[in-house]
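Got a structure for you, questions after.
Chains here go by letter, A, B, C and D, matching the order in which they are written, and residues are numbered from 1 within each.
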Amino acid sequence: MFIPVILGTAREGRRSENPAKYMVEEVKSFGAESELVDVRDYLIGRTDASGETPQAKKFIEILKRSDALIIVVPEYNHGYPGELKIMLDMAYNEYAGKPIGICGVSVGPFGGMRVVEQLRQVVIEYSMIPIREAVYFGNVGKLFDDSGTITDASYHERAQKFIANLKSSLK
Amino acid sequence: MFIPVILGTAREGRRSENPAKYMVEEVKSFGAESELVDVRDYLIGRTDASGETPQAKKFIEILKRSDALIIVVPEYNHGYPGELKIMLDMAYNEYAGKPIGICGVSVGPFGGMRVVEQLRQVVIEYSMIPIREAVYFGNVGKLFDDSGTITDASYHERAQKFIANLKSSLK
Amino acid sequence: MFIPVILGTAREGRRSENPAKYMVEEVKSFGAESELVDVRDYLIGRTDASGETPQAKKFIEILKRSDALIIVVPEYNHGYPGELKIMLDMAYNEYAGKPIGICGVSVGPFGGMRVVEQLRQVVIEYSMIPIREAVYFGNVGKLFDDSGTITDASYHERAQKFIANLKSSLK
Amino acid sequence: MFIPVILGTAREGRRSENPAKYMVEEVKSFGAESELVDVRDYLIGRTDASGETPQAKKFIEILKRSDALIIVVPEYNHGYPGELKIMLDMAYNEYAGKPIGICGVSVGPFGGMRVVEQLRQVVIEYSMIPIREAVYFGNVGKLFDDSGTITDASYHERAQKFIANLKSSLK
């Protein structure tokens, strides 16, 4: 079972890198394969759904190998980062039927709940299966220490429950 | 009264250019000033809310001169084009208190209703005033002829009602 | 395979009855069992998630027998009818893992797209699987004749595709 | 300035009563008039937009006297309580042009953010002005003591900022 983790912001100074790397480790701890898919490696500047750019080809290859997806995404003004949407819109058919779990990130306490809701509407259009569980990384500045280690051990249980929900949603 | 029209996609082969130019003319016909603000002139590739890029500075200057805003935006997989979100997230304080009207565009019959709903949630966070009226350009491929002229005269009344709603929402 | 169709408004003069009955027949035509579940038979006036009312018990029995669900729902001010939400909130555990398809209804041309989007966010919380396909019954006043027969034959293909999407989403 | 506070759930055992009463007092503390409008006094069981029921007439009278509105609403399965939607849909024209602020309530930590987002889409259709600010009453069971007094003093500043946002949105 291969579940890549998409890091959904390329902003300089982004705070979602720690949560995304954390989720990669949690997937491995669950007993599945994972890798970080950093939107910084897929920047094409504007929407292009042709699937013909090198970035799209690389992304589509990863999707084809995937059994399910995780997105870790900060909330920017109640919505998603534009660069993530450009990346997601590179593909279409390759998403169909795969479970997807979305993790929100915020500097404030709420963990990006609203971006999770907006993205769920998008991924249904890709024919994906959005799962009920989500992991919300609120107060992200304090949630990870300087070495990038999570400081709240309860996240392990949440993350495992989230990944179990992904697995149980496989067809 | 200055009401610029943001053309919210930079995709090659985009179909929203005709509707956006049409709305510029409708604003002028209403008796206000307008100009096209093409997201293609503001591409920075990824989120940057510093306001320090040349593109941000130029966009912010336009916002400062604006009394209200119109966005013309296609619906991509039930959401907004990433490049539009990157552009909008360049600014923040300059939006406050200004009315905003959103026009959806789609190749199919529904005119982008869902992207209008998602963007309304975003612009409230900018402290803008989202108006009730919207103009939906469905079946856009047939709605404009080869010269870019609209083929359905009823849009004039809709557009004027929409702009009147913007004007009546000015504080 | 049993796929009941929930008629999601109890308003006097409601226009969604014809589309709901139509979908029941389409499910049967697909080769599955169906029946109409009319929210008028489940009115309890206000939210009660105890599952202890006679209406809740009856609804829960239907859910237990169901393999998937269809909701036919009009859009009231961009949202769902309150009586439908009260009914849906009567149950919880019985929804888990079942595919759900939502059909929108509107007097105007757009077929209730926005209520479909809002309900999708709700049903994910019930751990249901919202499918990509939807059927939009726009201009509903003209779409059915006085005898309740649909006047646009193309809906048959749409409905069958929609039901096929439900079936393919069964685990 | 008259700003009534709608208590948006009639559920037995509801937890939103304390937050709603708190907001009434905060409006008065701000220097405006207020009163509690309890959805329990407006239950009609199903959607009726005729405006002809006694409940609708009473609600419409309150709306006519109002300069702005506050809704205090719990989140039920990521959406709004059905009885609130039935009540809101009783009126239409009386909402136009008035600012509205929405406060979310939840037993869990997130304070009902998602119901706030869904209701914003609804109130735009009523031609209301949804304000940016919101007050989120998370962990509501602990947030008020047995006498109904709020235990976190920081809410006073949030509430006053919220009401100031309403006032500044008056036309």
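The rule is short, and it goes like this: contacts are C-beta pairs under 8 Å (C-beta built on N, C-alpha and C of every residue); 3 or more make two chains touch, one makes a residue touch a chain.
What you see is a predicted model; the values in this text were computed from it and never measured.
When the C-beta pairs in contact are tallied for B-C and for A-C, the bigger tally goes to A-C. Distance from the centre of chain C peaks at B, each centre being the average of the chain's Cα atoms. Inter-chain spacing, taken between the CA centroids of chain A and chain C, is 31 Å.
Within chain D, contacts with two or more other chains are made by residues 78, 114, 117, 121, 124-126.
Residues of chain C that touch chain A in their complex: 97, 117, 120-121, 124-127, 129-132, 168-169, 171.
On chain C, the positions that touch chain B within their shared complex are 78, 109-111, 113-114, 117, 136.
Partner chain A is touched in their complex by these residues of chain B: 9-12, 39-40, 43, 45-49, 76-89, 92, 114, 118-119, 121-122, 124-126.
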